[in-house]
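Accompanying notes for the structure given below.
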């Protein structure tokens, strides 16, 4: 019974910890990052600094090559990923601009598929209209595939979108002329023109998080672990394990874009 | 005879047209390369056909989701509890929102905790597209009105086992009844409850006595002693004369010791 | 909206201005190819349109990048296409194809062709126009027989270089669309060729209209031999263009790839007016039949004997129909390619606005602008045969091209 008594002075543990944090606030984040497995802490370098984030000796992009795994059979269509992406990356909140979104497929008995993605899945999905005659149904999260052979990079007239050394396709917001050729060239509908900056935007794999050893926001909040982020080539990476234990498909393989978003348990109806 | 077109004889020997045009073209090409010199960004082409500095400016964008490791630093109890539960894979920020600001200013930025049924239902409402085996409920039928956390702790959401006795939920009544004259009676003596009441209490409400005659089965002056309690001597009244315009429990609350 | 489209596809990325752009560029290529018919292949009948075609090509070429510039999210950064062109990008390389064509072909050819006239027109005169013309000569005032012969030979050489360049210019516009493998409506090997021949059709039709109009405006008699020749060229080009389009259509239908169902839906719902009625019926079939009947092709007179006044009116109407048809062709490529989702599961809709940078008014202004530019060009360097300067030495020269057309 003595264990349950409040500590002398009336401070419970959480309040105590909170007070400690207030004192040592700046230490917390960096300590958390050191706890992360591959945590090359680059702090917050100034944007124009010659010692930029990728230029610091602690993060060497040449030693990384990122990809993502998506297990379709684990996705519950909660839309947390799409919502978190918007919060993390300042994506317009309207239902027509997404860096990642969730589609629901309903395959009917006549083999036809009904697909919907109301507000990218962020607000959930309405009950499917025709329950009868449904063969199977599932959710598919979509995002930029960070192709190894990206058609968007190929067509950009000025070099404002590019593949980084660590395998991420990025857009240079201050250099993009807004011609939208890349949006036309993307087979996956993963790009959009930002209505305010008038430049092309897309998933960055949360590059600002990744260089700090964190996972992308969508992966962080996915409640069922349907998304796996990691190194494509490193044997110890969770992505390698994911690719070893699942039959893997990519979207629209006939276009030879060589996506680095790998889908497990993907249905043939998904386009 | 006309001078043949022969540029290889030297610039001066060329026709005037060619010389003038050559000057114009050289000027234009020179202007192009001069413009290039000034207009191409400094770091362009360092790593590929792009501005290398762009990567650095993207790498330092602000972080909004601190990551679950950050939460574990200060909230070990919650994290430990969650780690042993079905929600072990669910990131703290999946429910509490992006809270990188809270890690640097824990007092000033307090995370929110969703209390609304609508939030839990985002994952747990039934949808045929959800994987088989994933816990799903019909939000209309499953204890409507109640907040989910009244039964399920979000940090350890294992559903509570259906109560085996009435006292599990109705403890207050059970405690008062135990010292009342009705202590010997089972709840089912007066209430009939659908077995599903244990899972969905509001959906399947138990019955309540509705008439004076129900009490009169034991307490009427001509009532026989209860069959299963032959030794009981319940107080008897004449239903016709004892407060005829009232139902019994307006004066006698049957669960209370002072019921008589 | 019908079926499923990716959320980001809600907004059409390329709208009216990008329809105008290949339309204008096609007119440039077509007008130039007509000019080269006169120059290189020595088709005497179309000689009256030679200089006019060159100026038209220049006027439209100057206006052609404007719609591109207007639709950019950041027009002020457009210079980057020239500063750091991505050599793998069709669009970046188009900047250089455009510049090559403008600077090395069109301006040079016009300069060599007009140098003599510029010298004569500005000689001993003062005033803004004369000074400007003097400036345009770049100070090359040599009017000796040698110099004039050099002008002619250089002009011819440039025209010969210019024909593949004009093919390149518009073929390349087709390539910008045809090389997008993500879009089954665009992705086709035939796209550059189809663009090229539709460009030739539209260019000849435009020159027919402009020649007819300008002659009427100057109250000069219309050269029916020229009109007939333009009409028959128009027919030939139309036949090739239509055959290529049908070949493309047949190929798609026969291959019936996974996109065929959604493209079929689009064709039978969204593109009925612009493709079946405007492009094929009004823009191709009606002109084909009309020209076949009235234009002198296999026979000297055409199958129907039609009086000159009525025939030239028919030519004019056919040319206007063809302009409508070719504009619809560009619309069907650019807009049609965005009306279906790349998920191949749904169709979206497109409504043109009246106002705004992508609206009808701006697009209309940009399409009228070349005519304004042409008007100015005609004032500075008149293309009429009767305005051409006569140089003493040339009268005695042995040039096969008559300097003065009987008017």
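The chains carry the letters A, B and C, assigned in the order they are written, with residues numbered from 1 in each.
By definition in this document, a contact is a pair of C-beta atoms (placed from the backbone, for glycine too) under 8 Å apart; a residue touches a chain by one contact, two chains touch by 3 or more.
Since the structure is predicted, the reported quantities are computational estimates derived from the model, not experimental observations.
S.K.: Going by average Cα coordinates, which chain is farthest removed from chain B?
M.R.: C
S.K.: Which chains are joined by the largest number of contacting C-beta pairs?
M.R.: A-B
S.K.: Report the chain ID whose CA centroid sits closest to the centroid of the full protein CA set.
M.R.: Closest to the centre of all protein C-alpha atoms: chain A.
S.K.: List the centre-to-centre spacing of chain B and chain C in whole Å, with centres computed as mean CA coordinates.
M.R.: That pair's centroid distance is 62 Å.
S.K.: How far is the middle of chain A from the middle of chain C, if each middle is the mean of its Cα atoms, in Å?
M.R.: Each chain's C-alpha centroid was found; their separation is 46 Å.
S.K.: Measure off the straight-line distance from the CA centroid of chain A to the CA centroid of chain B, and report it in whole Å.
M.R.: Centre-to-centre distance between chain A and chain B: 21 Å.
S.K.: Got the chain B residues that touch at least 2 other chains?
M.R.: Answer for chain B, listing residues that touch two or more other chains: 41, 44, 49.
S.K.: Residues of chain A that contact two or more other chains, please.
M.R.: Residue numbers touching two or more other chains: 159-160, 175.
S.K.: Touching at least two other chains at once: which residues of chain C meet that condition?
M.R.: 80, 83-84, 86
S.K.: Can you name the residues of chain C that touch chain B in the complex?
M.R.: Within the complex, chain C touches chain B at residues 79-80, 82-84, 86, 103, 108, 111-112, 115, 138-140, 142, 145-147, 149-151, 153-154.
S.K.: Taking the touch rule as given, give the residues of chain B at its contact with chain C in the complex, in rising order.
M.R.: 2-3, 5, 15-17, 20-21, 24-25, 28, 32, 35-36, 39-41, 44-45, 49
S.K.: Taking the touch rule as given, give the residues of chain A at its contact with chain C in the complex, in rising order.
M.R.: The contact residues of chain A facing chain C are 95-98, 101, 103, 113-117, 120, 142, 151, 154-160, 175-181, 183-193, 197-199, 255, 271.
S.K.: Help me check something: in the complex, which residues belonging to chain B touch chain A?
M.R.: Going by the criterion above, the answer is residues 41, 44, 47-51, 53-70, 72-75, 77, 87, 89-91, 93-94, 97-98, 100, 103-107, 121-123, 125, 127-131, 134.
S.K.: If we count contacts the way the header does, which residues on chain C are in touch with chain A in the complex?
M.R.: 3-11, 13-14, 68, 71-75, 77-78, 80-81, 83-86, 88-92, 95, 176, 179-183, 337-338, 341-345
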